[in-house]
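Below are two complexes that have subunit A in common, paired first with subunit B and then with subunit C.
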Partner chain A sequence: MKNKKKVSFPHLGNYWVAIEFLVKNALDADYIIPPPITKKTLELGSMHSPEFVCSPFKYNLGNYIEALEEGANTLMQTGGLCRLGYYGELHEQILKDLGYDFIFINLAKVSYRKPYTFFSDFKKVNPRLSISKLTNYMALMIRMVKIIDKVEGFIRENVGFEVVSGSFDKLQKEFLEALRKVKTKKEMNDVYQNYYKQFKIIKTKKPKKPLRVGIIGEYYTIMEPFSNHYIEKELAKKGMVITRTMNISNSLFLRKDKDIKTRIKGYLQYDIGATGTDTVSEALRLAKDGYDGLIHVKSFGCMPEADAMSVLQNISNDYKIPILYLSFDTQTSETGIKTRLEAFYDMIEMRKEKR
Partner chain B sequence: MKIGIPRAFLYYKYRYLWETFFHELGCEIVLSPETNRQIVKDGINYAMDESCLSSKIYLGHVHYLIDKCDYILVPRIANFGLGEVVCTKFQAAYDVIANTFRDQNIKILNYNIDHRKKQTEFKAFMKMGKELNKRKFEIIRAYFMAKQAEKTYFQLELKKQQELLKRDSELKVLIVSHAYNIYDKFVGEPIVKYLEKLDCIIIIGEISPKQEAKQEAKEMSPTLPWTYNKELLGAIKLYQKQVDGIVLMSSFPCGPDSLVNEMIIRKVKGKPILNLVLDEQEGNAGMETRLESFVDIIKLKKDVVNEKQKES
Partner chain C sequence: MKKAYLGVDVGSISTKGVIIDKNNKILAEAYLWTEGNPIGAVKRLISELANQFEQKKYKVVGVGTTGSARKLTGTILGANVVKNEITAHAIGTTSLYPEVRTIFEIGGQDSKIIIIEDGIVVDYAMNTLCAAGTGAFLTSQARRLGLEVEEFGPLALQSNNPTNIAARCTVFAESDLVHKMQIGHRREDIVAGLCKAVVTNYLNNVGKGKKIKSPIVFQGGVSKNIGVIKAFSDVTKEEIIVDPNSHLLGALGVAILAKNKKSEKDFDFDINEIEFETRGVECKKCANNCEIICVFKDGYLIDSWGNRCENGAIKIKEQS
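Moving on, here comes the complex of A and B:
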């Protein structure tokens, strides 16, 4: 196969495993995993980005450049409800101005009224693609995303209490590697069941009433650990339950619109855009559930999340739940974040002891 | 009945519509004053740090109106259909105001435009009229009067601008900026005044045949989602040949503009472009130097072109 396309998509947590699965199986193309995000990735992205665009744009651009350098020749971008909806077109323009030669599949162009446009975009990569093949593998990819999310959810709630440090991390890596090898639904289910069992028997020592902290906020920064300075790992070290509902499956496939609508009553009359409404809804759910604290995460200048903050402040007052607001940009200092997390942890722990 | 209207944000886009509508319904309008230092200060005080300057100013205006009227008008606009959205700031405006001033007994008169949920402008105004206890017939009449007034004013502005565009001997600068920035006393006016002092004629991107502009924008940038930015982008295409330079003027850190301005700089060729980002810091000295050197450049370019024309 001489003309096999080399497809790449920007990093977002561990979802590259599911995207690789779709590209390899449905599109019959190679998948170029962007090199792991480093400071250099961010520097590359920032250098060629407009100055005050939100940082996910810069991360994505850095991923593209590094993937192109690794030989990728077909790039993908999604659409979205905030600035994300315009990312693709500008990414493409910037990369073309830099002199790169590639095919750009911009899903923001897809008209949801005409699903066929979606299909024809993918057909550019694999001319022999059939609708049934695409829908079949799409369904499997969605399943894989759900599996990844389910496992990560379990890890988040338990990793803080592992007896042998690093055991969850190690098993997760094995799990993802095993997932990369699956080809069919059956294999996928087997890997899931097998590993979920193994995760469950990892030795943990959980106190009866551990501290519980919820993480809420903006799509990218909350899901891409590099961009939030691995706060989940930092928190786990302190030994607490971490809940983060915002992930791909819950926002795209399992979103319970009705529940959200009822929950936000009294705080929001309308949908405030992008993830803002989900943030408010989740804050209310966790506050009512008696969580010890919330951490709000976003990239600098994120419009919908800044709006959500004015509501979060009222929720914080009404439910007496402390909220730590973290905003990340390309200059955010590692120690600054650590110190603030430390202080937040001390505060919620003291509050818990008092009660 | 006193309706308070914050003189900020969408006021500058819909002032004729709003003012005529409430006037026809027999309501008294209380307009907040031109943006001043105190309003900016109050706005900054109430707003989230990272909100854009324009939205901070908006909060300052709303704060000014509290206790001075029966209702404060705060519209919420989500979209004008598929692919025609506005900045999420307008989508969230109602809820942000309601939450920010929750403890101050604020009474909001609100209308909601969300075409994807079948909430059109007409429906929105009907609901608003009902809230004010007006009769159906009265509301419909007021709305159509308001629409007519809006149309008349737009045409008048457009005509004035067409006249300005014909003046070939002077330097013409196209300012591409959201209505709430260019018309604001604190944000845009100092820039406009200074350019006028440098003997430039100001062409305002916001004043354009909107449908035509949007069509142009679609060709230049097919996935651009924001309606207000489309109007501005299309205006560049419509006016670019008749002006000597283009000034992009945004408030820090405007989300849509952060991307769209970059696209403009990369795609619009042949005219000098100055990208100004305004924040709440005082002092225009830096701005003035930049404007001066920009005007020098476009003057030089114009002279060169004129020379060439004389020679041939």
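Moving on, here comes the complex of A and C:
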């Protein structure tokens, strides 16, 4: 088809697979996967961003520029309950100023009370899109996100104990490739079931009571491994269970506001915006569950998470659970992070021995 | 021959080393400036230690390294333990003060707080992103006031009325200091104010949310500054213990860790004759362009690091 749109969306972990699925099937457009994030992506993004904006903005901008250079002509941005809600306008303006020509779909402008506005945005990409087609594929995309999260949750809890190093990584790549090929719900479920089985039979050597660490914090930095210096991998390598339930499924699709408010009673009375409230709720859940430690991750200057930190200190005192706070910006040296992670590991290990 | 253990702590500003016997008694100690050259500093350190040390009576069978250059120096010295400075400091301090509950540590570029219960670390924090309120900041401000950093402490004690100096950020502190200097605040008041600013900054940033309980041990290079010690005890209203070897406790800790390690290997003090060289190469296999550091010993590659993925791994050829 002529004039087929080439759509792109910034990277966030492995969710590009689900977005590609939606774009290809519902919007009948090509999907341009932004080149994998590298130091160059971050340099490009920082160069054209306001100095004090949070780092996810810089990463997103770098992705856009690299995707445009790969031929993308339609870019998407989402909304959010913090500065993220203003990313779109600014990204669009900066990219236009740089001289790029593209269509920008800013979902932050969509009113969730009027679903039609949502639909009309996507119609810009595919004029023949019908509401039923969109809702159908949206549902499938959500399903795919849940599958990805489920599988990755399993990987995090087990990869630290693999007998043959690299076995989880290798299967994960195959799994994502298989997921990219699916077209229907049935195919999607088959891939999921088939691979989940395979992940489960990967040989691992897990002690009876392994060290367990929970990762909590800001939306982007927690989910995009490049931006947090691959801390999950780094920690897992030391032989620990890593738990991070703050993913897209739980933050967007399965979130139950009421439950959260009841759970964190006594710690937080009001919603503190973005993922801040979830951070508190998740920290509390893991602390009660007897986790050995928590790592709080955020981009430098993230307000909702800075607010959450003072509440986390109360949880840390009440449940005697150590929390390591890490703030990331555009620094790319690993040494400082490694020192803090190593010390964290030593600490929780010695605490455990003592108990 | 009795057994002895070497601990080396290479920080951004200074390089510290101790040799201990099996009872953790210090047999030799050295402290010198890193001067931006960790390899050179370690070589000087080792020869200084060798001079103090009775090589006929003792034999070093274990080596540990810590500090920000721990990896590089660990490779050079063939260390059997390479440990982060938080763990090393905690081990060193608890060996001398088993009752300690809080460790304040302020070094050249970083500062940390370590909370201890029953002899083990239960919580810690380390400054991130910013070196405000560390030794390097004090040194640069001393220079601005025309003082040696060693004169700082005694001068601060002469002040009855410390000047208030913004403690939040080095840049703010510096401009605040300049303004107060220019409107006529006395030098000893400014110096005492700076010591206080370092302490408030430390407690507000690194110590935020931590329950500080005594006994408190203060260490790291800045613990040599009597003005900062006084400011700490004024603010916390607690006695601040500073060990005479407070600058060596990281090195001591890692020496103890080397002692506890089962593997033993004789250490050769003659590293001055050996040529160590590091070379940085850009990987160029992807846009990350990881800078890989290769360490050569007399021309042979002995270790490399800096690659983010397997593509950049440099294989070490077995030396015959």
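Just so it is clear, the second predicted complex is superposed on the first by the 354 of 355 C-alpha atoms of A that agree within 3 Å, B and C clash if a C-alpha of one lies under 4 Å from a C-alpha of the other, contacts with A are read in each partner's own complex, and residues count from 1 in each chain.
Methods note: a contact is a pair of C-beta atoms (placed from the backbone, for glycine too) under 8 Å apart; a residue touches a chain by one contact, two chains touch by 3 or more.
Note that the coordinates shown come from a computational prediction; the quantities given were computed from them, not determined experimentally.
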So, A:185: does it touch subunit B (first), subunit C (second), both, or neither?
neither
Between subunit B (first) and subunit C (second), which, if any, makes contact with A:327: first, second, both or neither?
both
Just subunit B (first), just subunit C (second), both, or neither: which does A:311 touch?
first
Could you tell me if A:97 is touching subunit B, subunit C, both of them or neither one (first, second, both, neither)?
first
Who does A:288 touch here: subunit B (first), subunit C (second), both, or neither?
neither
Considering only touches as defined above, state whether A:88 meets subunit B (first), subunit C (second), both or neither.
first
Winner on subunit A touched-residue count between subunit B and subunit C: chain B
Check whether A:256 is in contact with subunit B, with subunit C, with both or with neither, and answer first, second, both or neither.
neither
Partner chain in contact with A:200 - subunit B first, subunit C second, else both or neither:
neither
Name the contact category of A:237: first (subunit B only), second (subunit C only), both, or neither.
neither
Identify the overlap between the subunit B-contacting and the subunit C-contacting residues of subunit A.
300, 309-310, 313, 327
Subunit C contacts subunit A in the complex at 68, 83-87, 118, 120-126, 128-129, 208-209, 211, 286-289, 308
Residues of subunit A touching subunit C in the complex:
35-36, 38-41, 230, 300, 309-310, 313, 316-317, 320, 322, 325-327, 329, 331, 335-336, 338-340, 342-343, 346-347, 350-351, 354
Subunit A to subunit B touching residues, read off their complex:
49-54, 57, 79, 81-83, 85-90, 93-94, 97, 106, 108-109, 111-113, 267-274, 276, 300-304, 306-307, 309-311, 313-314, 327
Residue positions on subunit B within touch of subunit A in the complex are 48, 50-52, 76, 78, 82, 85, 87-89, 91-92, 94-96, 98-100, 102, 112, 114, 221-226, 252-253, 255-256, 258-263, 266-267, 277
